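Structure below; questions to follow.
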C-alpha cells in the first residue's frame, strides 16, 4: 500500500487506449494529427487563445518556460521549497544557462507578494547584483496548498509592476483546480500567469506533460529550445494523444478529484496531526519515528519528511480499501 | 505510401504490450523492476559489463554521452553530415555548454581515420584553438552505410592515440548490425567505442532509446546530467519495458532485417541510380524533379535530397505491397 | 627584428602618460571621469550617437557583442578563417552559451554576400537546424584586406533582409580606415553595422579595447554581461584613459598609417610573392622553407603560414631600419 | 576624503614603473619574460611549488578556479554574504555554466565547519538534488575578518572528507596576512586550500590579480578557460610586471599593513560602535542616518550598510590626515 508519490501510479486505461489508437504512421515530431489539436483543446479549456506543446517531464516544461522568460544573467524569484530549487538537479541553471534562483520563504511553500517584494527590494539596481526577470510559483504547492485566483492575481500585479515573466509550475494543477473549483482561466492568465506547466503524469498520464503558453509569442522560441534540449520526440502523436484523452470529458478533473478525496479521507482521520491544511492530494502529518514505524509495519509505504513529519500522497487510482485502512491506522496511533 | 522516415512508423505490438504489462504502480524514475534489468540485458548482448540507461530521444542519448566525454572548452570530431551537426538544433552546444564540432568530410558520411587525423593535425596545440576531446561517428551513417568492425577499430585506435572519447550514434545501429552481421561487441567496445546511442524508436519502439556505456564509469555523472536535462521520467519503467521487449528474442534484429530487406528491394529496382551502396534501410537515388513528381503522382511520399536526388527510408513494418509497387515505379522511370 | 604580430608591440608613450594621469582615486568601475567621456568621444568620431565601453581584449569585445545579438540556440555567420572561429578558443560558444558559427568561405577571409546568402539558403527553416541570428565580419580581415563601405553595405543589406545582427571585428579597424580612407561612419553604421569591436591594443594601446554600439539599446544588457564575465575592472579609468589618448588628435590613425606604411615597404620589395594585396599591416608572402630559414638566419622573426607562405605583421612603432633591412632581404631571396 | 572602497585607490608608483619597464616588445600573451617568473615568485612566497597566472579581476580569478573545481551540475558551498554570491552578477553561474551556490550563514561572513556540515547533511544523496563539489571562503571576509590557519584547516579537513575543491577568495588576502601574521603557506595549502585568488588591485595594483594554484594540475585547464573567457591579454607582461613589483621586497605586505593601520585608527575612535572586530581594512560602524549625514557634511564619503550601519574602507595610500580627521569626527558623534 504505497503512498510515496502520485508520480509512480499507473496510467489511466484511457491513456493507453489513446496511445494504441495513435499507433499508426503519421508525420513525425509534432506535425501529426493529434499534436495539431493541442492548441485548440487548451484554448477551449482556458477560454483564450493559447499555444500548447507536449514534453515528457515537468522539469522540462518548467525549465523551457523559465529559459524563455529569463536571460542567462537574470534571476527567477521562487520559494525556497520550490521543486525547481530542490528537486530538479539544477535544471533551471542548465536550461537558462546560469540564471539565479532568488529564494523567498513563506508558509506552505507559497510565494507571497510581501516576500517577493522584499526580495526585490534587497537587490541593488546595478550590474553587480543579479536582477529579477521572472517569478515562478507552484500550484498546488509542494505542501499541497492551492492558490486562489486572488492570490495569484496579487502576484500577477507584482510581476507586471516589475516586468517579470510569471510562470506557474502546475505539476498538480489538476488537484489545485479540483480543490478550489476556480476556473483554469481565472487562476492563470486572467491573474497574470504567462506560462503554465500543466501536469498530467501525476494524474493518469503515462509520459506526457503540457506546457501552456498564454504569452503565445514565446512558443516559437520554445519549440526551438525543446528540440535543442532533446525533447522533440519522433512519435509525438503518442504524447499528444495522452493529453487529449485526459482532457476529454474532463477526465483530468475526475482523476484529480479522486486523488483529492483520498487525501481528505486521510486528513479527516487525524485533523490534529495536520501540518498544513489538506487542499490537494498531499497530506503532511506530524508523526514520531515510532509512529511512522508502526504504520510501515502495517504495510503502508510513504516518505518521512524530516524527523517528525511524514508525507502521504494519494493518486487518481489510489485503492479505496488501502485508504480506509491507512485512515484507520492513523486514527489509531 | 510513406517513405519519409522510419521515425514516423508505428510501434511494434510487442512494445505496446510491454507498456501495458508495466502499467502498474512501481518505484518512480528508474528504481523499478524493468529499469533494473537494462544493465544485464545489454551486458548479455554486448558480452561485457555495461551500464545502460533509457532516454526518450536519440538527441538526448547522443548529447548526454558527448557532454560526459568533452568539456565545454573542447571539441568533438564528427562528419559534416552528422546528425549532431545538422539535425539536432545545436543540442551538442547546449549539452556540452559550448563545445565545438570539428567537422570532417568523407564519402557516405563516414569519418575516416585519414580525415580525422588531418583535422587533428590542423589544430595548433595551444590555448587559442579548441582541442579535440571526443570523436563521434554514426552507424549506420546518415547515408545508410554500415561500418565494419575493422573500420571502427581503426578509428578506435586513433581515439586512443589522441585520448579522445569515442561515441557511436546508433540511431540505426540495428540496421547496421543486420546488414554486416558483425557482432554488436566487435563493432563497438572491442573496437574502442566507449558509448553507444542505441536506437529503438526507428525500429519498433515507441519513445525509448538506450544509452549504452562501455566506459561504465561515465554512468553516474550521466545519470545526474539526465535528470538535470529533464530526461528522468517518473514512469521510466514504461521506457525500460519497451527496450526489453525489443531485445527479447532479438526482435530488434528481426525488425531491422525487415526494414533492410525492403530497402534492398527498392535498390535492386534501379541499381544504376544508387548514390550510395544500400547497406541499411535508406536508399538514395538519382532522380530528376520530373521523375520525383511522377513517383509522387503514384502515391509515394518521400524527401527530395537536394535537387537531383531523392531519399527513401523503409521501416520495420513497411507494407510489402507498397514496396513492390514503388520498386516497380522506380524501375519504370 | 620581430614581425610576429602587432599585438606584442609596446604601448605608445602617450598611453602610459594617460594611465599615469588617471592614476588617482576616482569612482571605481566605470563611474569615473574618463569612462564617462567614451560615449561622446566615439559619437564624435562616428558622427552619430553611440554607446561605447572598454574591455581588455578583442575576444571579450567580440563575444559580448555576439552574445547580445544571438541567442544560445542561434547561429552566427562568419568566415571560416575568422578570428572568432580559429583563435578565440571557442569563446563565442562560451559567451553565447552554445550558439553555432556558420562558416563561409571567400577570398582573403572576406565574407561575401553571395557566400552568406548561399549559407542561409542551405539551412532548412525548421527547428532541427540552427537558424542564423547574426553576421560577423573582420575588418581588416585576417589576411589584411580592408572592406570598402560598399562591400559592407551589401552585407548590411543582407543582414537587414534576414534580420541578422551585424558585428564587425575591428581588431585592426584603424589599419583598415588608414588604408581605405573611408570615414569610420561609412564603413560601419551607415552600412548596417550594429556593433564594432574597435581595437587599440594592436595599435599602441596597452590593454584597452573598445566595444562601440551603434545599436545603442544593446548597451545596458552588455554592461551586465561584461560584469558577469569578470570584465568590469575596478580601475576602469585607466582603460578609458588609454582609449581617449589614442583618439586624441587621431593618434590611432597616425599609428595605423605608420604600421601600414611599413607593410607597404615590405610588399613593394616582392610584389610577385604577395598572396594577397597588402591593404593594412599584414604581408603574406610565398616563400619556401629554405627561403624562410634564410630570412630567419638574418635575424628576422615571423610566423610560417602553412608550408609555403610566411606572415609578416608590422606595428605602429616598427623600426624603420629593420623594415628596410627585411625589405632588402626579401628582395634578395 | 573617500572611504568608499580600496578598489578605487591609485596604483602604487612602483607598479607604474614596472609597467613602463616592461613596455617593450616581447612575446605576446604569457610567453614573455615577466609572466614566466610568476610560478617561481609565488612558489617562493608559499614555500611549495605552485602554478600562478594573472587575470585582470577578482571575479575572473574566483570563477576560473571554481569552474575548474565544480562541474556544471555541481554545487559550491559559500557564505550567503560572499562576493561570489552577491557582487559578481552571477559570474559563477556563467563560468561554471549553471552550478549552484549552496549558501550558509555564519557571523562576519565566515563559513564555519558546522554550517558547512549542516548544509551538506541537508542534501539528499540522489540525482534530484545538486551535490556539493567545492567550498569557497573569503579571506579576509566581506566584513573584514581574517581566518586563522586553524580555522582554515578545519574547513580543509571537511573539504577533504567530502571531496570538495577548496577555494579561497583572497581579494584582501594581503590584509588578512598583515593582520594575523600567519604565513601565507599555513593559511592556504597547508590547511587544505587548493586555489587562491590573490588580490592585488585593492592593494596597490593597477589591473592585475593572481590566481595561485596549489593543486597545480588544474593549471592547464584553467589556461584554456582563461583564453576562452577573453582574459588572455596580448601584453600580459604588463600584468605580470605589476604583480612582481608588488611581491618584490614584500611591498604587498607593506601596503596592506598601511591600510590595516588606517582602519585601526578609525576603529579605536569608536570601539563601542564596531559591528565586527576590525581585523583588516574594513570598519563597520553602527551609525544613524543622521550621524552618517553629519560625517558626510564634513567631507567624508563612504557607503551606508543597511539603515543603521556604515562601511569605511581604507587603502594602502589612505591620506593620514584624512584618517585622523575622520577618527576625530567619529569620536565626536
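Labels for the chains are A, B, C and D, by order of writing; each one numbers its residues from 1.
Criterion: a residue touches a chain if its C-beta (ideal position, glycine included) is under 8 Å from a C-beta of that chain, and two chains touch if they have at least 3 such contacts.
Since we're looking at a predicted model, the values are computed, not measured.
Among the other chains, which touch chain C and chain D together?
Correct list: A, B.
Relative to chain C, which chain's C-alpha centre is the most remote?
A
Contact counts by the stated rule: is the higher one at A-C or A-D?
Output for the comparison: A-D.
Need the CA-centroid distance for the pair chain A / chain B, whole Å please.
Each chain's C-alpha centroid was found; their separation is 34 Å.
Using mean C-alpha positions as chain centres, tell me how far chain A is from chain D in Å, no decimals.
Averaging C-alpha atoms per chain gives centres 42 Å apart.
Quick one: report the Å distance separating chain A from chain C, using the average Cα coordinate of each chain.
50
Give the residues of chain C that touch two or more other chains, as numbers and ranges in rising order.
72-73, 88-90, 94, 97-98, 127-128, 224, 227-228, 232
Show which residues of chain B lie in contact with chain D when the two form their complex.
Against chain D, the touching part of chain B is residues 71-73, 97-98, 127-128, 131, 221, 223-228, 232.
For chain B, which residues are in contact with chain C within the complex?
It comes out as residues 72-73, 75, 86-90, 93-94, 96-100, 127-130.
What part of chain C is in contact with chain D in the complex they form?
It is residues 2, 4-5, 7-11, 16, 19-20, 23-28, 55-57, 59-60, 63, 88-91, 94-95, 97, 201-202, 206-207, 224, 227-235, 238-239, 315 of chain C that touch chain D.
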